[in-house]
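Structures given as structure tokens follow.
Two complexes are shown next, each including subunit A; its partner changes from subunit B in the first to subunit C in the second.
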Partner chain A sequence: MNAEVRAIKTPAEQALTSAYQDARAALPGKGNVAVLRDEAFNRFEATGLPHRRVEEWKYTDLRALMRDALPLAAPADAAAKVKAKDAGKVFASVDCRRLVFVDGGFMPELSDLSAEPGLTIGSMAAALGKGDPLVAAHVGKVFETDDAAVALNTALMGDGAVIHIAAGTVLARTIHLVFASGETPSSSFIRSLIVVEKGAQAVIAESHESNASQVNCALELVIGDGAQVDYFKATQTRGLHVASLLLTVGAKAAFNTFALSSDASLVRNQSFVRFAGEGSTGALRGVNLLRGKDHVDTTMLIEHAAGHCASREQFKSVLDDQGHNVFQGKIVVKPHAQKTDTKMMTRALLLSDEAEADNKPELEIFADDVVCGHGATAGALDPGLKFYLMSRGIDDKQAEALLIQAFIGETIEEVAHEGFRDALMTAALSWLESRA
Partner chain B sequence: MPAVQETVDRVRQIDVDQYKYGFVTDVESEKAPIGLSEDTVRYISAKKNEPAWMLEWRLEAFRRWLTMREPTWARVDYPKIDYQNAYYYSAPKKKPQLSSLDEVDPQILETYKKLGIPLREQEMLAGVVRKDADGNVLPERRVAVDAVFDSVSVATTFKEELKRAGVIFMPMSEAIQQHPELVRKYLGSVVPTTDNFFATLNSAVFSDGSFVYVPPGVRCPMELSTYFRINEANTGQFERTLIVADKGAYVSYLEGCTAPMRDENQLHAAVVELVTHDDAEIKYSTVQNWYPGDADGKGGIFNFVTKRGDCRGKNSKISWTQVETGSAITWKYPSCILRGDGSRGEFYSIAISNGRQQVDSGTKMIHLGKNTTSRIISKGISAGQSNNTYRGLVTAHRKATGARNFTNCDSLLIGDQCGAHTVPYIEAKNSSAVFEHEASTSKISEDMLFYCRSRGMSAEEATALVVNGFVKDVLQQLPMEFAVEAQKLISISLEGSVG
Partner chain C sequence: MSLLEIKNLHVEVEDKKILNGLTLTIEKGQVAAIMGPNGSGKSTLSYVLAGKDAYNITEGDILLDGESILELAPDERAAKGIFLAFQYPVEVPGVATMTFLRTALNAQRKLRGEPEFSTPDFIKMVRETSAKLGVSQEHLRRAVNVGFSGGEKKRNEILQMAILQPRLAILDETDSGLDIDALKTVSEGVNRLRSPERSMIVITHYQRLLNYIVPDVVHVMSKGRVVKSGGKELALELEAKGYAQYADEAA
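Then we have the complex of A and B:
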């Protein structure tokens, strides 16, 4: 079993290669950007689509799961634009500045581009095309990784958002990146860059709704010294969604992220986070709701490169039918990152005997004065609790729903932003109600 | 929190430059020609006067091995091993027939005496009152020993008494001659010859080891033990141990190992297979103290060991206990396949790494049967410039309803040059499986801790007490010297531990 087999290229890999070759000349950006694309593509070509022998993709064998690669998305048509107006309902209850993307392409006419002091908004395609200095300074550099999905995104990146929040700016309105898809299933490679400068504060949300499309999106997020960022993401897809969050945090900064995946056929949310400055705090949380044959993979690499930082990771998943949830969390404490304080918790609730929950919380510690811990549990609903509720006249289904609500509520309640907390809870409850 | 001074001092006592067993015994030996080929395999087989089926088994493994690649997934880094530049068989030259212990080379007897392993039964029965460090009288204890020196077993004690109980305890090479039906039935049934690179290599060139068969309903009257010693330079040791506990049987088995201090690295690739039938139980304890290399990481044993137990019968139990302090590289994952309904697997481990040692160790609990339970307690302590990794897998098959697992792994770092890593894999494939993995010591059992604290103990004392109580009954199965040492290590303050 140890012999390495040199795999032949799968149809999906072949399609991606020809897509790159065909699109190469037309992709935005010349010069350094083109070099960056080529290098990234060579990296991808060398390894191919990640498969189960790649440790970070052990439970999500993309080579096997991705039968074919769909053609790159064409510019959005009128019907898709009309449909996109209704997209992003999940966060509709929060007053947001909407930036709309259809099949990865930026739609200025559907977006709210009204001016706000300290805020600059642009499209990635335009920025790459004109050699924007902000993009040149950060794209591909926020968190360097060998990951094949990130490499593929860099090679084929089309459009996305470029947002700059100037030092000391406190954004008045939440920014909501609305990603919608057209009628025809296609593949899109979205790349966004958000730079939150020193002492600035921002709330950013991202929602993805798509049909059978294949979406590979990456967000590079730079959080400057003393900045504060809340980031929320909701994903619904009937196709494939591979998302990479590449995040660097400066000193004395704070951030919170929350990801909700429900009705998600095949989702991989991977985060690469680096604490680069001392005294910062960060929390990553999420809830995954799975049924049918949904497969949701949450993978993260949290790197503590500076001391005196605290991070919290808390993830819950509810699995019905043949749902398959994967959690892989790796915390790395670099030498001299003393006084690091981390706590990772992942819990899976299995409602069906055919569901599968795989947890891999990892620690890699090279400093001796730290407090790091992780916990992982998997199990069914407590029949004792259910019996108690039923003995109080609550029927079977409702008792179950209440217990599930309490289970995921524990994590959602941690969200400090009231509007998003309510929106996330409402979304989770509607998933629960739709359970037959 | 950083480690407390007491802990630092205790770990210092077992630092690499304090290695006590680094002497070499000067005995004439007979070696296979250097290198590894089919001829080496044939040579070893011929030396052991093995039947044709055994040679064929070895050759098949060897051919398979040639097609395999050395695994690289473990968190260990070592120079490439030149498999052609080592001896695969080395035996002390001996008189043609050994009928009693008196004929064993006195040099070898002296070696074991120096190591504190008595091979003379009368010495063990002499009734010397033994006392522990605090002056308490220790209970009289009898242990049957199989002493393996390089590639051969030089002595096995208490054979007669064990025979009366029906227990078979003999070197593997003799078992192949005397009980071929049992060996053929069980050898390779837990760790097949195709299992992994090092196990396959072992299948091809294993020289000796212990064979234990405990018949139905028999509780083995004494503890069995094997003491492995590598003496010869540039020699690998490849032993193979097979322990079978038939229905309702019980056996406790101990394993100890040491090697001389040398500048070169030596390979130790063992395979241990355990089989328990209905209601049987095997307790397997190891105190691994191979030469760890010097403070600069020069020399030391590469310890690549495959240990696996198969709980084949209903309500059977396998318990692994290991205290790991030696070896330059440790690559070892004692596992349990919980096949029988209601079977139980346990893994208790203390791994201490110093100097430039690298430890990648852990366990696999594979739940296949219904209502199977497993428990993993692992403590890693790293000091110096060492790296200590816990790597474990807990998985419940679709049909393993009611599977339960509890895992707790703590690590402690002493100094800022070392690393501690935890890589657990937890795979639940049915809803009635309940898996708990925790790395935070305060979570052992809040109730127990609360009780202790309400009686006036500090949080740390209470935690130590709970952990000790948890592991104690297994540690008591270790030879007393080891148990005392291990207990000290366990009682090491939990202050400053990380997941």
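Then we have the complex of A and C:
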């Protein structure tokens, strides 16, 4: 290994190294899986935790932010399982098949495993353990990246969901992956794989709640030719939450993702998306609501490797107190990806002088016949609008709430799925109502 | 007691003096026209009455029912019955007109200690009121003022006034941007609201509006003060002679 040898490791890095060494033999999967883990761990070891001099992590210096690495989560106890029944409220208004995880571990007894034609559900730990061919074919391969957080996830992946939706299946029920946490703060490395085969259609949601735990989760999502996927993620975590979405989409397919973070203290939502087949459309949207010292980082790499695809990225953030929102969006259009059409838009609404919004759009275009646009704004509420509302008798706070609601509503309204649109709006409104 | 007394009001914006010792009294039930050249401070007066905070009041007072309102926020003034129909109504993207109207009306009623409107009663009331002003149901479904022409926005302002039923309505150049038919409809709407319990300040540049909304008194403003007051014939005189003489008087 020719990477620079780092003399000094932070306490968190040391803890992660010993966690890996201690857990290595017991982690699920032998043979190729063990090799995959070792390689990933070596990649992580070479660079350590990402820090501000790593361009992609410039605004979220994990090395500085992670004072220590918490011990790997122990199996869920009875109390945690009881509590997990109430988790995932954010999407409770939508009729979903709940698959429940506590500190990353799959809880079949809390999950709805009733049969549905074309749908196969399993746990990642079990699949890794038995050398499941679907996992062997895809895990670590959906979007290869050197990212240190993904490497760490691959090295230590414990459990997660493995979902297969057979070709042509139109999933009748939405799947909700409910990630709950126990009382004891711990660290967990969750790895999920969802394969939506050719022509299939699915709506999948994921919700995360935790106390002070450290969660590193990664989802590999394979969207086949002509398939349609809507994916929603809600993050309401008080610890450290690093999530990676690794997505590949085939030809003539369509997907929409929406991420809501509200009252989440330290979040990194990173997406790696590849348009691998022609004629597909994809939209990534999200709303981040921050207050106190909340830090939410949305970073994405969108790779247009095939032509005639359209992507839309639209993110809004509302920042109170000392909230810090980061948006980094990089769009790469490969040489043969002609007729690519992308539009990226981010807007931050600053409710306090101490809040900070960093925006970094990047375009790398190697094809000549493309339309790529981006825009970013950051600013306070318009005092003229606020005065207009107040002059009609609406008080200060309510006027602000109406304007903030309108601001984020513009993005939430784009969600075609009515149930999730309402659930996301309700969650955003409850954040607004709890503003002092 | 007079409804509104403005006493020796001095107002600055960014160190620029705009109102310069303005004194004006509005009686209950009175319709007062304020006329004056562009830049004389008419809109500034309307904003200061409504409580916009960009203005620095260096001297004087504004009394409503004999009590100073200078310390009151715009919403508190609205609850006391002050309504400003803006010269340039603001577009509020993403806020549905019905939500806006209901929130405003119920907020005012709550501040006054009155019961809120029930949703069916509210919808019925808005339907009736908007029909009279020629505002369609489709318009009510849009976001506040978004996608409306200048004239339609002015009409929306009068609709809001009709719904909120203020005690003191300030109409800032409501006639500008209206064609003759719209002017008639809007004036009829305003005239329907005339009552011994409701006063109005009708700010206009042109005498034309005052053919439809006939004022009880006319005040002429120039350079931040009232320089002449008289009956409705004063408006005709201004129309004939122009504002030049008053500019001199105020100098």
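Everything below uses one rule, namely that the second predicted complex is superposed on the first by the 429 of 436 C-alpha atoms of A that agree within 3 Å, B and C clash if a C-alpha of one lies under 4 Å from a C-alpha of the other, contacts with A are read in each partner's own complex, and residues count from 1 in each chain.
Quick note on the criterion: a contact is a pair of C-beta atoms (placed from the backbone, for glycine too) under 8 Å apart; a residue touches a chain by one contact, two chains touch by 3 or more.
Bear in mind that the values here come from a model prediction, so they are computed numbers and not experimental data.
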item: Three-chain arrangement built on subunit A, subunit B and subunit C clash or fit; value: fit
item: Once both complexes are placed on the shared chain, angle at subunit A toward subunit B and subunit C, C-alpha, multiple of 10 degrees; value: 70
item: Which superposed partner A:273 touches (first subunit B, second subunit C, both, neither); value: neither
item: First, second, both or neither for A:376, with subunit B first and subunit C second; value: first
item: Touched partner set for A:355, first subunit B, second subunit C, both or neither; value: first
item: First (subunit B), second (subunit C), both or neither touched by A:388; value: second
item: Contact breadth on subunit A, by residue count: subunit C or subunit B; value: B
item: Shortest CA-CA distance between subunit B and subunit C [superposed frame, angstrom]; value: 14
item: Subunit A - residues contacting subunit B, complex; value: 1-4, 55, 335-336, 338, 343, 348, 350-380
item: Subunit C - residues contacting subunit A, complex; value: 50-54, 73-75, 77-79, 83-84, 86, 89-90, 92-95, 99-100, 103-105, 107-108, 111, 143, 160, 164
item: Residues of subunit A touching subunit C in the complex; value: 383-385, 387-396, 398-399, 402-403, 405-407, 409-410
item: Residues of subunit B that touch subunit A when the two form their complex; value: 1-3, 67-71, 73, 194, 196-197, 398, 401, 411, 413-440, 443, 496, 498-499
